[in-house]
Structure formats: C-alpha cells, structure tokens
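In the two complexes that follow, chain A is the common piece, with chain B as its partner first and chain C second.
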Partner chain A sequence: MMDKIAYSSKLREKNPCLKTVFAVGTLLLCIFTRNLLFSSFILIGMGLLLKTYVKTSLHMWIHLIVVPILFVILSTITILINISKEPLSGFAVPIGAIYLTASKEGIKTSCNLAMTAFASISCLYFLSLTTPVIDLLTVLKVIRCPSLIIELILLIYRFIFILANTASSIHTAQKCRLSETNYRTLLSAWSQMLAILFVLALKRSRAVYDAMEARCYDGRINVLLEMPQVSIKEKWMLGGYFGFMILLAIIIGL
Partner chain B sequence: MNVRQKRRFASMLVIAIMFGITPVVNAMHIMEGYLPPKYCIAWGILCIPFLVAGFVQMKKIVSEHRRALLILAMAGAYTFVLSSLKIPSLVTGSSSHPTGTGLGAVLFGLSIMSILGVIVLLFQALLLAHGGLTTLGANTFSMAIAGPFLSYGIYKLGEKMKLPKVLSVFLAAALGDLFTYCITSFQLALAYPSEVGGIVASAQKFLGIFAVTQIPLAIIEGIVTALVIAALENYAKSELEDIGYLKIDVAKEGK
Partner chain C sequence: MKEIVSVQNCSYQYEDGTEALKNISFSVRKGEKVVFLGGNGSGKSTLFLCMNGILRPTRGEILLDGKPIAYNRKGLLQHRSKVGIVFQEPDNQLFSASVYQEISFGILNMGVVKEQAHVAVKEIMEELEIMPFQKKPVHCLSGGQKKQVAIADVLIMSPSVILLDEPTSALDPRHTKLVRRFIDRMVEKGITVFVSTHDMDYAYEWADKVIIFKNGERMALGKPKELFVQKELIESCNLVQPTVVKLFQSLCQHGILTREKEIPTTMKELEQYLIGEKEKHSE
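Then we have the complex of A and B:
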C-alpha cells in the first residue's frame, strides 16, 4: 500500500494542509486547462519532486507507473477509434466492409486527454506518497468535515490493516491445504474466507468497543493531532508557485 | 507483404492489443483527471442527496446504539478489503477486483452503504490509486449509489417473490456489478461522445471493450457473494442478527 511509502517520505513532516493545497490546486489547474503542453510540464515537475523526496523500490515505482498507463491507453483507444463505414481524416484500418478510424481532431483531443490524465495522476501520487491518511484527517478537520465522518475514517483506516492481515493469513493457511487445486475449490475457499473474515471482523469490533468503553469512551474519540507550523517562506513559495502556474496556464491557453 | 496484407496485419494487431490489455485493467473506476470539470461537478452534485440521507441515517443509528459506530467502521474496512482482493478470473486467466458493494448492500442496507462507499472510494484513491479525487463524484454514483441500489432492489424483490435466498443474492450481486459497469461506461460515453454516432456509439464501444472482463467477473462475484451469504446463514446467525438493527432502522425510516 502506498501509505507505507508516505510515512518514510522526506516531506512527511511538512504541514499536511500545505501539501494538500499544493497537490489538489495543481490537479484542478491541470483539469481546467486540459492542455498537452501544460500537462506535460506538470507531469515532469511532479515526477522530479517525487523522485527527490520519495524513496521506494524500483519494483514499486514500476507498479505505480504501469497500472495507470494501461488504463489510460485502453480508455483513450476506446475514445479515439470509431467504427464507421466512411474513413475519417486521421487514419483508417479496414476490417471487411467497415473501418476502424479516427479524425485528426480526435487524435489531438485524445493526446490532450491522455496527458491530462497522466499529469493528474502524478498530482494524486504526490499527495498520497507524501501524506499519510492520518495527516489528511487534520485537513478534513480544517475544512469542517463532520466529526462522525472523521472518526469513521480513522476507525476504518485502522481496521483495514487488521482485516487485510487476517485475510492474508487465512489465505496462506488455505493455500497450505491445497485450496488452489482447481477453480471450484478456489472459489469455495474464497467464499469461506470472506464469511469467516466477516465473523472475525464483528468479533473484533465488539472487543474494540469493550476496550474503548473500559477507557471511558463517551461517543467521541479525542486524539491529539499534530499540526506542523507553516513558515512564512513556505506560504510565499506556495503563493508564488500558483501565481506562476496560473500565468503559465493563461499564456499557453492563449 | 503487400499493402493488403499489411493492412490486415495492422487490424489484427489492433484487435489483439485491445484484448491483450483489457484483462489487466481494473475497469470499474474512472481514473483521476479523466473527466472534464463540469462532469466531475455534476456527478458530485447528483450524489449529495444520497450522501446526506445516508449521513442523517447514520447519525441517528450511532446516537441510539453507540456500539454501531464500531460495527459500521468494520463494515467499511470489510468492504475495502473485499474490493482490494484479487479474484482470479476463469476465462482470461488473469485476476480482477470485485466491487463488494452487492454484499455490502445486502448485509448493511442502502443508505449506510452510500456513506461507507464514499469513504472506501477515498481510501482506494489514496492507498491504491484506483479512481481519484476529482472523479470521486462519478465513481461514488456508479459504485456506491447505483450498483447497491439495484442490488438491494433485486434482493428485496427476490425476498418478496419467495425465491431461494442464495439465488436472489446471486442475482443481486451479479446484476448490481453489471449495472455499475454500465453506469461507468455511460459516464465515460457522456463525457466523450464518439465522432461518429455520438453518445450511443461511444457507450457501445465502452460496454463492448469492458464486457470481456466484466461479465465473467460479475458472475464470479455473484457466486462468491451467494456462497458467503450461505456460509454466514449457516454459522453466523447471531452475528447477522447483531447487525440487524442497522437495517431495521432503515426499514422504519422507509415507512
């Protein structure tokens, strides 16, 4: 999971609001301009930032890069290619009586779209590879998200790891007992695991409730959230950055 | 090769690549940055009434039963883990993620599922990079609202028609899954109508391409969900009754 990398990133200690504003702001700019040049600029910038501040294995990088590329290529091909009896201006591949074809404008829009998607994904990666979810809760608090939702997110986040661990150990145990011999045993092992996981999850939640009750839980989870200060220099840098980017977007847009 | 052979080769190559790539991709989520801003906003606004209803419902349940908060959190985590597991697919030999919303809707009820769904989608975007922040609205609508809505409807209909429980759960999960993927295709088609034939042609293209993985996946998810419910009925009756009040309140609210 990407969260693990976020804890060891060099930007971990920076103020989460600052990082969120930076990442989401860039993301919004990128989506509103939808321009090939501007997006590639953002993609390169984000890529450099990630390379300097986030350290992880090559294997993980490849995984992080390949998955979105596949999705974007597939969807963009779907948007690009038309099935028609008349060839369009871009290119045309005949299959029997019909053509797989695309117009020149279509190719241009698709390139814009693919690049915008890549740049937006890099912004999302910046946020999730430098900011652990727990830090994002502070951001949610700042934007006045209801406390019930924040508590729910906190608890779900904790439980995800407990359940994922349980699921993977059950899976290992099943594999030891030859659960993957054929497809039928595999499916039945799967469903047994999910059913047991559900029972264990409920049991766990009861135990957690009892433990919380014993520690004077009164319907409100109070956790101290650390909030690193934003220095004036950082504020100026962020302001300058967005000023520059908006200017750039306007120039390129014209 | 002469020109004709080359053309044939090229067209075969295109088809082969399409089928080759499809199985790896998790087609249910719309990727970050893939929708134009107006669609992001429109789908987001469309979700708000459902989310508000879910939130009010949840607040009421939590204030009545304090323990419910923990059960809700576990339910959310369970949905997340379920959707992050890779179910191996029979046909293509690859694996794909189930949506898990069918099971969620049958177990926890509708309005709860919408709120849990948003949180799960947020986590999927941040922890697994499935989906994204700007496409959260669109993904929420297809996966946390439309899919569970249909699943729950079919499940209730099955109950009324006195179908065997396993069958109605199977239908609910499988059709809910298919419906989610239809909505996703429709969302993409609406944002990017085809140059020839407009929205309808575009929707057909998306449906056609994603059908390769999604139809077998929907059937498998249906089978697994039905087996899970059957197993739970067998040896976890008391736990099912435990979460029963989540749904009883929903039913009362409905009246």
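Then we have the complex of A and C:
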C-alpha cells in the first residue's frame, strides 16, 4: 500500500540515493541530538514535505501513523513511570503502600525520546512514501550490499504480489461456494487454501526458473538499474540543507 | 532455403512416466511461419521447452542450423540466445517488479555492455508500445500489457527463432491484434516464428505450415489449406475446422458455390465469391 503511494509521489523520479541520503542523514541528526525542539522542527518539516509532494488522504495518514504512535506512547510510559516506595520529584500517584512515580529529569528525557522517535519515524515515512522498493534496490547496490540479498528482495517483492493475488482469488472462489457458512467450514477452507497455495508457489517457482533459464540465466540476476541523474542544484540543496541542520543542531544543543 | 530447425525422432518422458512426446519429426525452413495445433495436453508446450533446451528429449535430436544442441552450459546458453520462448502465462515469466529491469535481463546475460543494453531496452520499449506504462510496477499491469513486456523480454535478445506458446490466449481483442502485429513484424525481420494456438481461424490465415499434435504424437503436417479441408482428421484431433473452410464446404454442398473455385483463405475472399455468384445470377 505504501509502495502504491510511492509510485504516485511527485518525488518518484528523483534519484533514490539522494532521497535516501536526505532521509537517513536527517534521521541520524535526530538521533544524535535527541532534542525536543530539534525533533519537533524535523517532524513539522517532514510533514510539510510529505503534504506537498505526496498525495494521501487524511484517512490514509491516520492509518499509517496510528500504529507507530501507539507503540511510541506505550514504550514511553513504561520508561517514564517507576514503581517505588519513595515519591520522586515529578509526580507521584499513591497506590496503597507504593507510588507510581516519575522524576522531573525522567519526564524531560522521556519527552525528548518520544519526540525523537516521532521525528525518526517521519524520516523513514518520507523515504518509503517517495521511493518504491525497486528504487531502494538501486541504493542497496550503490552501497555494495551483497547481490544475493538484492536478488532475493527483487524476487520476493515480485512474488509477494502474485501470491497475494492467487490467495485472494482462491478466497473469493471459496466464498462463492459458501465457505463462510460457519466456523467449521471457514477453518477447513482456510487450511485448504494454505495447502494449495504452497503447492502453487512451488509450481510457479519452477516455471519462473525455467523461464529465466530460457533467457540464458547464468546464476546471477543481471538487470539494469535505473538511476536518474542528480542535478548540481540538487547536490547544492542537499549540502546546504545538511549544513543548516547541523548548525541548528549545534545551536539548540548549546 | 536452408532448414533452420529440425526435430528428429524426438520423444520425451516426464519423471512420472507420462510420455509427452512420441517420436516427433519435422523440419522448418528459415522464415517459415509455423503453427502448432492440438488440444490441451497434446505436447505442444513440452516440445517448445525441448526446442529451447530447457528439457532434453529422452530420445532423438533437435538441430539448429544443422547442428544438434550441445547440452553443456556453454552450448545451452548459445542455443537459448538464438531460440527465444514467450511463455503462455506472463506471470510465470516476469520475475522483476520493474518493466525496465525485466527487459534488460536477457540482453545483459548475453554479455552486452550496460550502455548498449540501456539503448536496446529503450528501443524495444518504443517498438512494442511499452512506453506509456513503463514506470508502472509489473503487478499493476493488465494481462495484455504483461504480454507485451514478455514479448519484449525475448525480442530484445534478437533470436533467430521465436516460440510463442498460446500468445493470444486470455487477451482482449485490442491486445490480440497488437500481439499479432508484433508477430508479423518478427516475420518481416526474418525471424522464424512458431506459434501454438487454439485459434483455428488465425492458424488458417497466418501459417505457412501447420503441425497437428494429439497425445504427444504428430498427427499431421502440411499446408493449412491441405489439412483443414479434411474434416475427419481435424475433428479426430479434438479441433474444429476454421469458419471460412466450414462455410465454404457447406456452401459447396448446397450448390451455392462450386468446388472448382480455390478454397478461400479469408472471410473477405469468401464474401467476394458470393458477391460474384449473385452478380452472375442477376445477369
């Protein structure tokens, strides 16, 4: 689903390496400074970028953001709150003989941490909403990731869709024949589908291998990777951006 | 002209014992348009796999340009760069989610340098009208578009023989027309094209040579006009006669047309005959 958005984003045609450097660089800055103000700045910046360049509905946004937000909030709470017999400086809720309590220091750190996490997530969302998986393969190639891993991703990525398609058509065909009458029929339909999916996947993998062999496959998947040119303007913009951000990080850090 | 492909007494037995091909022999000259006919499971696809070197016949030999296929790594790679195969199911052929990557695969395997390959990919995308959807991921393409990519996959390797396994099955009329145009262009380029199909009308109009299979055996070989008039033969192979032939024969039987006329190749020709008859009557 995120991939679909990435395909229609206005930054799709830009060089994937450029986008990765931008997103990962910002992410690293975020993590190193771990500062509430700086992180909020990045969060807002990324939000604005995504709003301008990626067309998504509000519904989709909420859908995308709700899981990480829940996760961050829950984990922050566990870091924030201590169970102790002595009340700490921030607040304390007495429960019988013990306190649910947190120090002022602790509250500050947790806030910083939570905000950093949000900002980092926004960086990664930026990358995944503007760069389809196929383009990320180019980046992996550039950073000299082993070709075995790249080839695996290439094949898995394609066949996830085929498998999902097959599964959904089998599921529909089963529903047409009343597979969802009751719990029992539902379960048996599911188990049969999984079994046949496995067989089909095996069959298909053989067919694909044959088809690749037919085109002189020699054990290595040689394909051309698309690499749009990075313009001088883009390079300068990226350099300027990081210069500014580092400066900002230093100022805020002091 | 020289014989480009020659299949000699080929048999193929699958591991489970099914005999998919039984003593098949035929040869084809360069540039000939060949159609394989036969019901499902008659051995057409197996024969294609044998001709590409994916399967090795259990008995018999396949010759390309007079030389038998060498079943070693180098020999097979060389053979496969000359004999391309477009599979029936594009989803079984396209392995990459990117159209551009997908098409570049074959030509890079042949050792062409990247810059040249890039130019060739762009050219073939232009030629096969892939440009409008080249940026889309493969899983978002329609069946017809996938077929176009599958053909580009093979055509980019500029083989001298192309095998198309039911190229227009499951395509809409627009894409069927498109694919047939591509096939005609291959023939113009001098490529020897083999097509397996169930479309009798197309086989009748297009082919120079027809080979009919049934249960792994070669039932008949010849020119379409010679074979398709034999009603018993065609029906015994689980096929039906082309519409033009059927109609022509029926019109002759009813005395509307006379058998002296040469059997028409297309509906258009038959139409002309009938119009001619009408004019004769009104005179």
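One rule holds for everything that comes next: the second predicted complex is superposed on the first by the 224 of 254 C-alpha atoms of A that agree within 3 Å, B and C clash if a C-alpha of one lies under 4 Å from a C-alpha of the other, contacts with A are read in each partner's own complex, and residues count from 1 in each chain.
Simple rule for what comes next: a contact is a pair of C-beta atoms (placed from the backbone, for glycine too) under 8 Å apart; a residue touches a chain by one contact, two chains touch by 3 or more.
Not measured: the values here are computed from a predicted model.
Student: Contacts for A:124 in the overlay, against chain B (first) and chain C (second): which applies, first, second, both or neither?
Tutor: first
Student: I want to verify the contact counts: of chain B and chain C, which reaches more residues of chain A?
Tutor: It is B that touches the greater number of chain A residues.
Student: Please indicate which partner A:70 is in contact with in the superposed arrangement: first for chain B, second for chain C, both, or neither.
Tutor: A:70 contacts chain B only, not chain C.
Student: Should A:216 be classified as contacting the first partner (chain B), the second (chain C), both, or neither?
Tutor: second
Student: Once chain A of both complexes is superposed, is A:251 in touch with chain B (first), chain C (second), both, or neither?
Tutor: Once the two structures are laid over each other on A, A:251 reaches no partner at all.
Student: For A:155, select first, second, both or neither according to whether it touches chain B, chain C, the two together, or no partner.
Tutor: In the superposed model, A:155 contacts both chain B and chain C.
Student: Under the stated touch criterion, which partner chain does A:226 make contact with: chain B (first), chain C (second), both, or neither?
Tutor: A:226 sits against chain C, while chain B stays out of touch.
Student: Based on the superposed arrangement, let me know which partner A:97 touches: chain B (first), chain C (second), both, or neither?
Tutor: neither
Student: Touching A:143, do we find chain B (first), chain C (second), both, or neither?
Tutor: neither
Student: Which holds for A:58: it touches chain B only (first), chain C only (second), both, or neither?
Tutor: A:58 contacts neither chain B nor chain C.
Student: Would you please give the residues of chain A that touch chain B in one complex and also touch chain C in the other complex?
Tutor: 3, 133, 155, 157-158, 162, 204, 208, 212, 217
Student: Provide the residue numbers of chain B that touch chain A in the complex, in ascending order.
Tutor: 7, 10-11, 14, 18, 21-22, 24-27, 31-34, 36-37, 40, 55, 58-59, 62-63, 66-67, 69-78, 80-82, 84-85, 87-88, 90, 103, 107, 115, 119-120, 122-123, 125-129, 132-134, 188, 192, 194-197, 201-202, 205-206, 209, 220, 223-224, 227-228, 231-232, 235-236, 239, 242-243
Student: Which of the residues in chain A come into contact with chain B in the complex?
Tutor: Residues 1-3, 24, 27-28, 30-32, 34, 64, 67-68, 70-75, 77-79, 81-84, 86, 88, 93-95, 100, 102-103, 105-106, 113, 116-121, 123-125, 127-128, 133, 136, 146, 148-149, 151-153, 155-160, 162-164, 167, 183, 186-188, 190-192, 194-199, 201-206, 208-209, 212, 217, 219.
Student: Which residues of chain A touch chain C in their complex?
Tutor: Touch list, chain A to chain C: 3, 7, 12, 132-134, 154-155, 157-158, 161-162, 165, 204, 207-208, 210-218, 221-226.
Student: Which residues of chain C touch chain A once you look at their complex with the stated criterion?
Tutor: For this pair, the touching residues of chain C are 49, 52, 54, 77, 80-81, 84-85, 87, 89, 91-98, 100-102, 104-106, 108-110, 114, 117-118, 121, 135-140, 153-154, 157.
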